[in-house]
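Below are two complexes that have chain A in common, paired first with chain B and then with chain C.
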Partner chain A sequence: MRIKSTLENYIFVLPAVLIFSIFYIIPFIWVFQLGMYEWDGILPTKTFVGLANFKEILFADKIWWHSMLNAGYITMIALVFQNAIAFLLAWACDREIRMKNFYRVIFFIPPVLSEVVVGLVWQWILDGNYGLLNSWLTALHLPQLTRNWLSDPQTALTAVSIVHCWKGFGWGFLIFLAGLQTIPRELYEAARVDGANAWQSFKNITVPLMIPVAVTVGILTVLGTMQAFVLIIAMTGGGPAYHTQVPVLRILASMRGSSRFGYACAQGITFGVILVAISFVQYRFSKKAKA
Partner chain B sequence: MKTTRYYKTKKITVNTLIHMFLLTVSVSCIFPLIWMVSSSLKTQETIFKDTSLIPKEFHFENYYYAWIEGGFGRNFLNSIFYTTAVVVGIIVVSSMAAYAFSRLKFPGRNLIFYVFMAAMMIPIPGSFVPLYVLLTKLHLRNTAFGYILCMINVGLSTSIFLLKTFFDKMPKELEDAARIDGCSKMGIWWHVALPLAKPVLAVVVVFNALNVWNEYVLALIIFDSKPLMPLQVALMTFQGEFITRYPLLMAGLTITALPIILVYLLMQKYIVKGVTQGAVVG
Partner chain C sequence: MLFKKLTCALCLVSCALFYIGCAGKAPSSSSITVWHWMTDRQQAFDELAKRYEKQTGIKVNFELYAPSDAYSQKVRAAAQGQTLPDIFGILGEKRDFSSFIKAGHVLDLTSYMDENQGQWRKKLFAKALAINEYNEGNSYGIKPGVYGVPIDVMTIEMVYNKDLFKELGLNPNRPPQTFAEFIDIGKKIKAANKQGLVSGWGEVWMIDCLANNYAFNIMGKDKVIATIKGEVPYTDPDWIKVLTLFKEMEDSGVLANGLVTMVNKTAEQLFANGKAVFAFNGSWCVNVYNGMNPKLNYAAMLPPKASDKFPMTIWGGAGSSFLVNGRSPRAKEAVKFLQWLTDNDQQAYLAENTRNLPSNKESLKKIPEVLAQFADDVEFTTHPNVWGVSEFPAVIEALDKGIQSIIIKERTPEQVASEVQKIKERELAKKR
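Right, the complex of A and B next:
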């Protein structure tokens, strides 16, 4: 009776465990195995090469590290620019102000759209020949500023970064707003009674209480932005030359472009380790900041 | 001496500035979408010259051409089908598991649960490489079934987490009553636990629906044949084939974006809930 009941309980988790084992755990193990082979993904024979793939990534793959720098650049812009805007908007909405809900609804429209839609619409706006931005600049008598935003090496990466921020700030906004709303109003009341002005209560109440929230948003921003790539496929495809390449795009290119499945897996592991290291450092850093 | 009038004027000025800031950002959020719709109503001849927001003539036939000629009609139905199938799958599979993790006892329960949670934390960029290999071996590549199973797996951990948290807080009395009435475990899960979990199920449905509808990379590597592709991949293919047919592309983008915006506007309360709860996980 007891055993039958336990078996019955296992039936509840069986479908989840089956799907998860096949589509998560097996691929997870395979990444580490395949990373040590040279394989084109088609032939039945794989050549064992040990750590040669990793050696190549670390010491010879200049494009890989260039793409890592690009992702770092986008992430820095997102971390500072996108989150500053998100926080300011949340702070502005966390008060007795009309149309609060309207703003909240609007700011989360870009995040619910797909990266393909956002990327293609912005690509059309930023188009060098017929794009809206250039025709506005011309209309404003600033034709010297017009350029091929997405195929000019000087502007492509920044343009992609800004569109990424446009798409992503709504997440930070909602989380910051939820955080601000947990701060008890009495604290502000008490501060005002004690003669604190708006800036002082912002500096001494809002900021310290929001640090844990900011850390969460920061970690989510870094993990999300470093791995972003679909928006870039839709906007530039990684070009011009390698100016907007990012790591995941390189992994995709190793697999589909040069048919090096083992190398693609090794790149995935390298990148995964870097991401875990970054979030670990951020986590430690935040613990120190709190203490 | 500062008068009440001074403070009133100051307050109005501050509020006006804040509204101007908020409105500017709002316009920047919506404007690209309006431009997308506007471009979708122009013709191949006018689109490159006419920069007006409201076109002189509305060419709704672009939508017909995009739907039929561009093949977006087929891809639209595919996206609807994949989204529905995956969401139903996730609801059944994850609510059963979450119920067991919360209420039923069996050896290894916590271990299995922690493995699911660990999967939520550990990033494996490029997991699409081994998935491609796996699906090829299972003869599931370029099939709807293969894609649906993969996407069920993608949403599993987070959904289990959300549902388990809810079940943990749910009072046990109703379930006890059902048990005394002779209801089986499956019966309790289906007739008692699931109906009570409606609010959190709504969050799970909305988030997974958005996720599947917007998914790109797995669909890209799984599907070769265009009649099986969901909208996101079809859009990129279309852009590659007809690089200059912007009105049709914009019509296709509008067809893709519209359902998601409608779902969002109807269900936005659940999305806000999900984002704030999700942030707690991270």
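Right, the complex of A and C next:
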């Protein structure tokens, strides 16, 4: 009877295990295995190269590490500005302000828009010749500030980062808002009775209780931003030169441009390991901060 | 009990559906499937398919997969899974084409080309056919022969806006012949606060194309090939001269602002709307410009030559080619369809309706004037796919990105040449 019951249980979880294995575990093992081959993605034969692809990524591929730095820069901007804006807006919407439901909808519009569409619209806004931003700057008698925002190596990466923040802050806003709404109102009332002002309430109630939420938002921001590429393709294509190249674009370049599927798989694995390591460090750090 | 039975039944149905979903379509003997990426030609292809079905009873399904990047991935995935259609095209370099042939995905068409005293071969532009051809002793190790059928011909060169030429006080019927003249026009463009040359240089292959045009003009084909073979370094003075041309173009103001991140679609919009004096584009642009602005007054021209030592050579040849799946049970029918598709009437129909140069020489009569100018320049064309050797993709990328760095004044031509050579040596060492 017990065996029958156990078997039944296994049968129930079997579809989920099968789907997870077919679509996640087996491809992961396959990608890792392919990372040890030199293969163009077409020929039936592959050449085993051991860990040579990984060695090349770690010690010889300067552009890869440059793209990691670029992604790191975008992520830092997102972590600081995108999340700060998201938190402040969530905090404002959590208070009794007029039309707060309207703002909630408005702030969540950018994340639901297609990245390609957003990229193209911002490309048009930031265009050096006919862009809206330069037109506004000229109208404001600030022509000295006009430039080719996306083709100038000084501004391209920052411009892309800002657009990425604009596109992504809505997610953080939503999660922060949900987090703020879980804080019991009684705590604020008690603090007020005890004579705490708004800043003290914010510092001693809101901030500590929001740390777990901030950690989640932070990890999601790092993972999402490090893997950003659609917006970048639409806005700059990774240029000028290598100024807006990011790791996923390099993986695509290895697959499509160089037809090095094995190398692209090795890049994917390396990138995955780096992301897991960053998330782990972030998690440990936040645990310490919470303690 | 009923719940358990229902759950079991659901599991079984799911498994069956999963299996059915993974299975391929059953082939039909009276239909041919063609995969392509040419959004602008789908309507014309569908019309031709209808005509073919009427004539032969064989249904042809033209399946469009766009954009071209997505199409490329689909074809590769289908090749890996051996689910390629009867007819397909490859978007890639000769190296990729060779891999498809080696893997048995492409039918050797030589015997079909040569039957009836080479009737089919004779109809097609030799330069277009050459792109799908492998010669004796080719470096890819492919059996000599023809492996693809060009359905159109393209050339990549410059076009200029005649009205803007007039505004700049230039003769609209005399485009610049030399690089010095081109640079002088650049200065006028800058002074008039207009945009000069636009192109899809954000998609780096178009920079590579112009750089190669000038490399052929300055050092000749043999030296370019010798560079690819690793016998001449990229630090050679001739290569530095080629790279310096881009610096001169930028300094003169002949290049439009933001060119280094410009995609070809944007470049086409700017030129079609009369906002740029020059464009560097392929002959397909005639159809694109016509769609965007039918009144655009422009003409085609060869890139102005930088040297008298060698002729100016542009990229061209087959625009799009179709290949027959070597494993298709309907390979013979597919070949017959391609013979029909490249016949005079069908090619004339395609040329007229899609404004692309036909691959059939006898169908050139009904093409627009500008397209005829592109057609006239077919004799000046070459293509990396006919050189017999391929440059390493990493080197091509370094050269293209290096030129972008020159344009944004981040690197000098000498620095770029040295960086490209380093990558070349690294790739050569890896190959050894």
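Worth a mention:
Rule of thumb we're sticking to: the second predicted complex is superposed on the first by the 265 of 291 C-alpha atoms of A that agree within 3 Å, B and C clash if a C-alpha of one lies under 4 Å from a C-alpha of the other, contacts with A are read in each partner's own complex, and residues count from 1 in each chain.
Everything that follows uses one rule, which is that a contact is a pair of C-beta atoms (placed from the backbone, for glycine too) under 8 Å apart; a residue touches a chain by one contact, two chains touch by 3 or more.
Since this is a predicted model, take the numbers as computed values, not measurements.
Partners chain B and chain C, brought together by superposition on chain A, clash. When the two complexes are overlaid on their common chain A, residue A:241 makes contact with chain C while staying clear of chain B. Of the two partner chains placed around the shared chain by superposition, chain B and chain C are both touched by A:41.
In the superposed three-chain model, the partner touching more residues of chain A is B, compared with the other of chain B and chain C. Within the superposed three-chain model, A:267 lies in touch with chain B and out of touch with chain C [touch as defined at top].
Legend: residue contacts after superposition of the two complexes on their common chain; A:76 is shown touching neither chain B nor chain C.
After overlaying the two complexes on the shared chain, residue contacts for A:216 are found with chain B alone; chain C is out of touch. By the document's definition of touching, of the two partners only chain C reaches A:60; chain B does not. Residue contacts after overlaying the shared chain place A:253 against chain C, while chain B stays out of touching range.
In the superposition on chain A, A:12 makes contact with both chain B and chain C. Contacts of chain A with chain B, set against its contacts with chain C after fitting on chain A, overlap at residues 8, 12, 15, 41, 129-130, 256.
Taken in their complex, chain B has these residues touching chain A: 15, 18-19, 21-22, 25-26, 28-30, 32-33, 35-36, 39, 47-48, 51, 92-94, 96-97, 99-101, 104-107, 112, 115-116, 119, 122-134, 149-150, 152-153, 156-157, 160, 185, 189, 210, 213-214, 216-217, 221, 232, 235-236, 239, 246, 249-250, 253, 256-257, 260-261, 264-265, 268, 271-272, 275-276, 279, 282. Per the touch definition, chain A reaches chain B in the complex via residues 6, 8-10, 12-13, 15-17, 19-20, 22-24, 26-28, 30-31, 34, 41, 85, 88-89, 92-93, 95, 97-99, 102-110, 112-118, 120-122, 124-125, 129-130, 132, 135-136, 166, 171, 174-175, 178, 213, 216-217, 219-220, 223, 227, 229-230, 233-234, 247-248, 251-252, 255-256, 261, 264-265, 267-268, 271-272, 275-276. Listing the residues of chain A that touch chain C in their complex gives 8, 11-12, 14-15, 40-44, 60, 127-130, 148, 150-153, 156, 235-237, 239-242, 253, 256-260. Residue ranges on chain C touching chain A, taken from their complex, read 4, 7-8, 11, 14, 69, 72-73, 76, 79-80, 92, 95-96, 99-100, 102-103, 105, 195, 202-204, 256-263, 270, 275, 393-394, 397, 401-402, 404-405, 407-408, 410, 426.
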